[in-house]
Amino acid sequence: MLQLKGISKNFGGLHVLQDVNFNVAQGSIFGLIGPNGAGKTTIINLITGLLRPSSGDIQFNGQDLTSVQPHQITKLGIARTFQNIRIFKEMTLLENVIVGMHDHLNYGIAGILLNLASFKSAEAKSKARALELLSWVRLDHKAHMLADNLSYGEQRKLEFARALATEPKLLLLDEPVAGMNPAEKTELMAEIVNIKQRGFTIFMIEHDMRFVMELCEKIAVLNFGKIIAEGPPAEIRSDPAVIEAYLGKEDEAWE
Amino acid sequence: MLEQQLINALSLGSVYALFALGFTLVFGVLGVINLSHGAIFMLGSYVALLLVNKFAMSLWMAMLLAMLVTGLVGLIVDFLVLRPLRKRNAPHLIPMIATIGVAIMITNIAQGVFGAENKRFPFGTIPEDSFTVGNLHLTAVQLAIVLISFALMIVLLAVMRRTQLGRALRAIAESPKAAYLLGINVEGLFFLTSFAAAALGGAAGVLVGLSFNAISPFMGQPMLHKGIAVIILGGMGDIRGAMIGGLFLGFAEVLSVAYLSSDFRDAVAFGLLFLILLVRPSGMFGKVLERKA
Amino acid sequence: ADIKIGVAEALTGPAAKYGVAIKNGFTLAADELNAKGGINGNKIVLVVEDEQGKKEEAINVFKKLIFQDKVLMVFGPTLSNSAFAADPIANASKTVVFGTSNTADGITNMGPFTFRNSVMEADVLPVTTRAAVKQFGIKKVAVLYGNDDAFTKSGYDVFKAALEQQKIAVTDTETYAKGDVDFKAQLTKIKATNPDAIICSCLAEEAANIILQTRSLGMKQPFVGGNGFNSPKLFEIAKDGADNTLMGSPWSAENPAAANKKFMADYKAKFGGDPDQFAAQAFDAMYIVAEALSKVKLSGSLEKDRLALRDALPAVKFDGATGKFAFRRAAPQGGKEGGYDAQQDAIVNIAKGGKFILLK
Amino acid sequence: MLEWWDGFWAIYSTVIFSIGINAMLALSIYLTLSCGLLSLANAAFMGIGAYAASMISMQTALPFPLALLAAAVMPALVALIIGIPTLRLSGVYLAMATLGFGEVVRVIVLNMEITGGPMGLNGIPLKTEWWHIVLILAATLYVLARLRRSKIGRAFEAIKQDETAARLMGVNVSAYKLLAFVLGAVIAGIAGGLNAHYTFTIGPGNYAFENAVDILTMAVFGGTSNLIGPIIGSTTLTLLPELMRYLKDFRLAANGLILILVVLYLPKGIWDPLRIRAFWERRALQKHAAKTTGNTGKAG
Amino acid sequence: MGVILQIKDLAVSYGHIEAVKGISLDLHEGEITALVGANGAGKSTSLLAVSGLLKPVAGQVVFGGKDLTRLAPHQIVQHGVVQVAEGRAILTTLTVRENLELGGYTRKDRPEMLKDLAWVFSLFPVLKTREDGLAGNLSGGEQQMLAIARALMAKPKVLLLDEPSMGLAPLMVQEIFRVLKEINQTGLTILLVEQNVRQALKIAQHGYVLENGKIVLADSGKNLLHNPKVIEAYLGA
């Protein structure tokens, strides 16, 4: 479904990514791990069109993404969350999620101005859907609060719900459980499995090994901008190069 | 003619730069477009004029006192207006609107007290003659303005780049919260900045008053327009930017008169500015730091 | 009953120097008239408003005077620029508006209720130019004017026509805008064309600065200007830098006529300073109106009285501080009836040692 | 009574008209602000609208509605042309570029013959009636209110808060910005057309820097979080100088002082729904507390 | 050892939302104290109040016998109570080195500072390689390291850490906890807010559990690690 072919990215003299290749299969959960500064977030930025690769190309369902505008990439069915949380702070949680449905509200200017039935029903539907999504992440009780009033972890969950609202085929998660405690992680894990079963494909970056290993079918390891290993969790876990560069002593790393 | 025009441009540009230095400093640190800077500039002129006229003070003494007075006014404005807004986390345009109020007040009071007409420093306050080399003319005040603005830029730059104070000011500029967590006396430095910027504005007022013989309650307004253009052209909050931007505007205006038409002087200057912004969307020295995703 | 007359002049703002002199002129005349028992026994009451030299304010003030204070007529505003904005209101409400300082072309084209005793540029500047040519032996001149003010622009247009007509070469034409303080770029350009004189259509504060900067560039050329130059302000700022400047005006301090002598003495006694052209014109204007009013039987109906005043005014002939005066009907324009201009001769003055004296 | 009213109307109709016009202008800048654009071009758009409409009224026999249409279309076209390159600028840089644009417009108008140069156009026929203003203002309010509650309004808001995030929600950011900019120009242009037809006179100086800042001030002063703020702001700031008139020389100082005080005490603008909501909630809580303490006798 | 910093009945509100409802907590000199709790429990709020960035509605923070509650934030730092805040508060427009130098803003001993600079560079070698680059260009994890390093530059007496391991790679997490233990052994008192509950409680002598703005459990780190309630709620059995 998603293919990265020979992707490189430079910032000035800094070679952040060098010849990165991998494929994410339809309906799978794919994990990308690697030390801090390896270039993981950069990859998500490339996929979503916020950055352009210095060379190589990215294909999504056979379509080349390298010259498509970010909002069109969203339309194609790719959504993401941000490592540094970027919610719309001065909107309510509900509004945050409804913004995510932007492309799916099919009414015209006449509908808006004349308050036509098409407008009303689309708005009502989107509201119901947004509340449903919020309930998935257990934030529905705060639906009418301003997003700014949420704690850090809650904001992450809101981002997650908002990303789902765009009805993506592929969901890119950048450290979705950073800042959550183990119990909350477990909850979210169940949620992700749930979502996967509904047919979503998931690509995630995460430093929490228990989370990654349990969820992902396939994991790639990025180190200094290069893929150093790729395979199923069991294989990655015991790969000496990965242990050396990233995992460290296993028992301590596991959480 | 070209040589003389270059001199004209240099001295006009320095006037703009001088005004813009204080203006950009406030923005750089407080993040506020202080629209009362023009009024404070005007006040500087009047205070010095008053001291020279009424107390027969020497010009340099008067200038120092004028800087002190305008600095204090800047401090008071900060204390009474900007600080409460900071405390209340006002949205970013609000402090600017408040400074419009301040500007209106100061201008109106100045008009009530000093009258609306143009005034000038008494004849002979400074040598009126110009230095003449061949066919080129430069007055003493013009020369002073050029030298002082360059000197100030260098001093300010050194402070900002090389000292712990400068680093602290830049830290505050980016995030007062982070600065607090580093143990920086944020409020204290806000006050210091407001004082210094206003004092610089006052000094600029004195020099410009001397240079153009047109001290009036409204003299700050056109200067403010130019000042805004200059600091944005240079990159908001950037000291070098204020200097280069000032010179740029000076040259753009003078050269457009010299080689195009004086009818279109401001249009050429602002049009150029418009074009430069299209090429460099955050001014000549402004940094764009896209928030990391 | 009292006769209420509106005075809308720039009492604050950059044109205040002119406006205050004008107000003083009115006050002096009105006080004199009232001391003599008023007009047919009716006292004149001046309702003075400050129009700040701004268009918008002039409009506001006119409305207030005409509709709220219900004055019989309005004097003002100070600047032609404001007159273009405000005079239509007076015309629309069929009220006389009387300018004592508006000299731009086209003022009286705004309607039949527009009057002025200020001699318009078109009548003065050609005379001034001719005198300048004779005085300095001018062959070529440079022109500088403010391009965003009705008066300075109109002055420029008249100068331009006069220069063309008198076949004087123009080496360079430059402009500036309101609020400018640095004219060196324009002046340097002018300097390079080496004119014999500089024609300048400017208001006094800018004029003073322009003169100073011209001198600081080492240029010695004399200036020729319009009535904008005619203000003590010029010398306060430019001092003897302004020497040899020529300026045309219907009034001169040296006019030995008794009416003028008395006016100058009374003015000095009342206000402590010397009067200028604008005070004199205002002073005369009040007498001109008084003259007209003395022929009108006031009915008490504002509407009728306003019309009656308008009908009585054109016939007035007067000899006052500014000399002999009569109205001259403005040519109708674009099918619109015009008002009345001043029929009066201009006198050319020259600046010497910090004041204007008659050019002999 | 009737006579009193006539007098009152004759003097104050301009002020009253101005309230409506300023409200439209404040709304026009509110619209661009609501999309995160600090554009100060609205004064210039107002000017373009004013000149376009006045020239039609003075030089042709076309009816007033057509003049107003021109006042809407001309600024819209210009906005479209300059919007495409400039709207990538953000914050004060956009403000500056749009101010620069305004300056260019001013100088062009100043130097053209057909616009009357520095004198501007004088004797523009009086065609604006009070109900024109009421009608158009109401229509503007209605359209803006509808937009606000739709996906367009939400897209604006999202762009304002985080452009990148909005983009990744599928919002075509540049298209929506252009939409806000052009709509703002249309509103300002119509306001200009209406304004010109009750003031007799327009000139190149009427649409410059100060006016741009005034418009912004009205909107921000009233509060930009919804449509009511700009209306309140423009009404207050239009009336204030009139009410202060009796202070004569120092009326502007009083004006400035009031501006500062209001801003100090209501830093989110006069009309801040959050503050108002919080106030009522607090009231309700207090009442509630009073009741419960009354019942249990415990101190709150 | 003695109590160096004492939080007494601290209550903090955002408008009328009570985020922290009267908590009391002691930091023992030279020890690590962990504060854990769910998202939104009020952990960050409490830390911000200790640092003076939020003004408490009630309660006190006492440091070495001195009441800090009424002091300005910078004065609290001058007393030696330094925080690594949530979201890192990196100065993105300054270089890495400038960030670190500002870390020592309250210090007067320049030569010592240079030594400490070398020390933090040895703790986080990546920072050394990016010394003159803008801090804003660092990756998330790199910024986290910079934030911790910067706080160490202040030579604090008490270090407040808000989720220091967030966003760090496993190897780096181990590294951070190792460093924390190490600097703690030099006598530094640490208050650690962590979602990485297991690791935190492992190195902490004392632990507190915060729920809905109230402290519901207080015990030694070890005991909490084995407390069934904690295991169920926070360790995800």
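For clarity, chains are labelled A, B, C, D and E in written order, and residue numbers in each chain start from 1.
To be clear about the criterion, a contact is a pair of C-beta atoms (placed from the backbone, for glycine too) under 8 Å apart; a residue touches a chain by one contact, two chains touch by 3 or more.
On a predicted model such as this, the values are computed, not experimentally measured, just so you know.
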Steps needed, at fewest, to go from chain B to chain E via touching chains: 1
Comparison of B-D and B-C (more C-beta pairs in contact): B-D
Averaged-CA centre spacing for the pair chain D and chain C, given as whole angstrom: 38
Rounded Å distance, chain C centre to chain E centre (Cα mean): 76
Centre-to-centre distance between chain B and chain A (centres being mean Cα positions), rounded to whole Å: 47
Sequence positions of chain A contacting 2 or more other chains: 41, 50, 82-84, 86
Junction residues of chain D - those touching two or more other chains: 110-111, 164, 249
Residues of chain C whose C-beta touches two or more other chains: 12, 147
Residues on chain B engaged by chain E in the complex (per definition of touch): 164, 167-168, 170-171, 173-175, 177-178, 180-187, 287, 289, 292
In the complex with chain C, residue positions of chain D that touch it: 7, 10-11, 14, 110-111, 117-120, 122-123, 126, 199-201, 203-206, 248-249
Chain B-facing residues of chain E, complex: 51-53, 72-74, 77-78, 82-83, 85, 89-94, 98, 101-103, 105-106, 134, 136-137, 140, 150, 154
Of chain D, residues touching chain A in the complex: 143, 146-147, 149-152, 154-155, 157-158, 161-162, 164-173, 274
Touch list for chain C against partner chain D, complex: 12, 50, 55, 59-60, 63-64, 66-68, 81, 84-85, 88-89, 92-93, 106, 110, 147-150, 153, 178
